[in-house]
Structures are given as structure tokens and as C-alpha cells.
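Here come two complexes built around chain A, the first alongside chain B, the second alongside chain C.
For the complex of A and B:
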């Protein structure tokens, strides 16, 4: 009887340990914020960037990882304008640590040849006008 | 008396009783050189049900975005309001993302 009790206790312990491991290593995703800018009609050139940061016990001293996302979008669309940007700020939480992730997807609207010629006649300081979307 | 209390308890469990709005974002109205009156209101919504927060992704947001684009295939969508909210139930809740904007056909 005592032996059977011990076996049941051991099995229960193993089961609890397995459950704790599964819960500990499967992240729970939650959304902090979401935003969307004007969506263009021509959606032929999608761009996407994702940046993340691991945080242990909430010890986080800056949010600089987000700045890289902006730079990455600029790199993917050097001569155009990025619009229709869906930005997600989410957290994937584990037991004692979590991952902050920022994802931005959008569309690169390239300058047409006519607009390039027109804009080249403008002064360098004047912002480029993409007109009605830009096409 | 106990029956009434049990009934109230069951109703409280089965129905979401609180709702919270986390984010409400409005995008810009960039110039289209076309009257806004020609625009058509388009909406898209997606949701995610979760028990105790055990979900591994937030793909329902992308789903709402895809639906919004599908509702305005050949136009510019402007003045987009994006709302992210949650309706709470008993140890479970539903996250909602709702997007609506003005579709201006080209």
C-alpha cells in the first residue's frame, strides 16, 4: 500500500514537472498596440520589418530596438514612400522573461519617372509631392 | 434563494461583463485630389478567443488588415480608425481588432 502511494506521488510529481515545463517554455502572445496608416491602391511592392528584444524580470533600460525597424523600412524603399504601414507591438511572455516584438508591414510606392524629373527641378529642401498616391 | 444565486453565478460565468478599449488610432487623410464624398466607408474586424491568455500569436490583426484591403481592391484607404479592444469573460476573454476607413476608388 505504501509502495503504491509512493508510485502515485512520483507519477504526480513527473506530471506536474512536465506541465510546468510546457507552460514555462510556451510563450503567451499579447498585443500592446496596433496602428495602420493610409493604404495605397497599388500594393505591388510589400515591405516588412521585425525587431525584438528579450527582457528578463522586466529589467529593460531602453527601447532602442524599435529605431532599427524604421531604418530597415527606409533601406527597403530608398527612392519611394512607405504607406499602409501596419505596426504591431506585442509581447510573448514566458515565466520569468519575455520578448518584446515590433512588426511593421507596408507598401513601398516608388517614384514614377515623370515625378522624378519634376522633383529634380524643385529645390533640394522642398519635400517631394507624391500627389494622389502617388502614381 | 440558492437557486437565484446559482442562476446569477451561471449568467456571470457565461457572459462577458466588462469591456476595455486599449488603443484607438486614426491615420492621416493624405491628399487624393478627389472629393472625400466619393469615398465609401469600409470596415474589417477580426477576433481571438483566449482562455487565461494562452495563445501563441496575434495573427488576427493581420487577418483584419487583409480583410480591409480586400474590401477596397482598387482604391486608396484613408482616415483609417484602428481599434483594439477586449471583452472579458470568466477566466477567458476575446480580443477584437476593428479597422474602418474611407475607400476612394482610383
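For the complex of A and C:
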């Protein structure tokens, strides 16, 4: 009888521990802000960047983790325009610590090689001249 | 004891940063242009009346504490509503942002703008910051001017 009681207690303890772990590691997500730029008609070349930071006990001394997000998108579309950018700023909260995550997705409208060479020769060409987009 | 005081001071004086909003604009790259990065930071002092009240109460007698509570309550009535960070007392502190961008990039070919709204929290006061980073596109051949903007 005593042995059975001890086993039940042990099982209960294990179950509680498992429940605590599940609760502790499944984060609650909350959305801080969302922004969107104009979406292109041709959406064949998606680009994405994600920047995140773990914050323990609310101690965060800078937000520099987002600084190179634009550079990363630019790198994925070296000769074109990134448009239709959806920027999501969210927090995933766990017990005593949370993850700050900024995600930006968009579409790269690349220039054709011919158009690029032509526009390089023409001094009057402006960077927003994306008349014939190639995907 | 001294170590604890130093640690507490360091913690108090190093501001906690809180991110409110991030927005990324369209990004252009062009072989005929060089992208020169720039950043602009505008900041204004915010005041947390609640924290100021709590600190004042620690130094006041019972009557003073009641007065501090009443004053904070009245000020609080004028600061209701949705906001990010602490209230500031200069309402147009970010209004020259576009002008500042043009100063950084006279050609006007601005791309990859990322605007960040954040707060640097100190005890009672805070820095209410608007930060903008971006790229100014400049011609490789050096023929940059306002005329072709």
C-alpha cells in the first residue's frame, strides 16, 4: 500500500514537472507592430530577413539587433528593388525571459542585364526606373 | 556593500531599451549608384509621473504624500490615452525629420529607410527616441545634383 502511494506520488511529480516544462517552453506570442509597403504584381522572388534577441528578466540595453535587417534584404537583391515589405515586430514570452523578433519579408524585382547596362550608360537614368522587371 | 551599491548604480544608470515600432521601406540597388548609409536620431525627454510620485513620497511626510498622490492623479488625467513610452512636453520634436533626411541626402535619392521608435528608460525620466537609418544613392560618375532629383 505504501509502495503504491510512493509510486503515485512519483508519477504525479513527474507529470507536474512535465507540465511546468511545457508551460515554460511554449511561448506566448504578442504582436507589437506591422507595416507594409506597396505590393508588386509579380511576386516570384521573395526575400526574407529575421533578427531576434533574447531578453532575460527584462534587461535589455540596446535594440541594435535590428540595424542590419535592411542590409540583409539589400544583399538578397543586389541589382533591383525590394518592395512589398511586410515588417513584423513581435515578442515571444517565456517564463522570466522573452524573445524579441523582427521579421521582414518582401519581393525582389530584379533588373535584366540589358536594362542594367543600358541604364549605366545613360547618365540621366534614375534608380527608380524599373520599366521592364524581370523575375 | 560597496560592490552592491556600485552594481545598483550601474544598473540604474545604464538605460533599459524598449523597442516600440520598426518599419522598413522599399530598398533599391542600382549599378550606376553608390549607396551611402546614414542615420538620424531624434530624442526628447519623457517623464514618468508615477515613478516621480513614488520617489517624492519616500521623502515627504504623510500630508505631503497625500498631496503628491493628488498632483500625480491630476497630471495623470491629462496624460490618458494610447501612447508609446513616457509622455514628453515638446509635442513636435520629430517634425523636422524629413528636413534632416534631406540634409543628410541632398540629392533626395533616399532608399532603404528603416524607422525605429524606442525608449531608453532611466529612473523617472526616459529618452523617447525616433531613429531613422537609410541609404543615400549617389552617382558613381560623381554627377550628383539636386537638378535631377
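Keep in mind that, in the parts below, the second predicted complex is superposed on the first by the 98 of 135 C-alpha atoms of A that agree within 3 Å, B and C clash if a C-alpha of one lies under 4 Å from a C-alpha of the other, contacts with A are read in each partner's own complex, and residues count from 1 in each chain.
Methods note: contacts are C-beta pairs under 8 Å (C-beta built on N, C-alpha and C of every residue); 3 or more make two chains touch, one makes a residue touch a chain.
Note that the coordinates shown come from a computational prediction; the quantities given were computed from them, not determined experimentally.
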| item | value |
| --- | --- |
| Partners on chain A (chain B, chain C) - clash or fit | fit |
| Partner chain in contact with A:80 - chain B first, chain C second, else both or neither | second |
| Touching partner for A:43 - first (chain B), second (chain C), both, neither | first |
| Touched partner set for A:61, first chain B, second chain C, both or neither | second |
| Chain B versus chain C as contact partner of A:69, first or second or both or neither | second |
| First (chain B), second (chain C), both or neither touched by A:102 | second |
| Partner with the higher number of touched chain A residues, chain C or chain B | C |
| Touched partner set for A:35, first chain B, second chain C, both or neither | both |
| First, second, both or neither for A:90, with chain B first and chain C second | first |
| Lowest inter-chain C-alpha distance for chain C and chain B in the superposed arrangement, angstrom | 9 |
| Contacts on chain A seen with chain B and repeated with chain C across the two complexes | 32-33, 35, 37-38, 83 |
| Residue ranges of chain A touching chain B (in the complex, touch as defined) | 26-41, 43, 83-84, 86, 88, 90, 92, 105, 131-133 |
| Contact set on chain C toward chain A in their complex | 14-33, 35, 109, 111-112, 114, 116, 118, 133-135, 137, 139, 141, 143, 148 |
| Residues of chain A touching chain C in the complex | 32-33, 35, 37-38, 58-63, 66-67, 69-70, 73-74, 77-83, 85, 87, 89, 100, 102, 104, 106, 116, 119-120, 123-128 |
| Chain A contact footprint on chain B (complex, rising order) | 22-23, 25, 27-34, 53-58, 61-62, 65, 68-69, 72, 74-80, 82, 84, 95, 97, 99, 101, 106 |
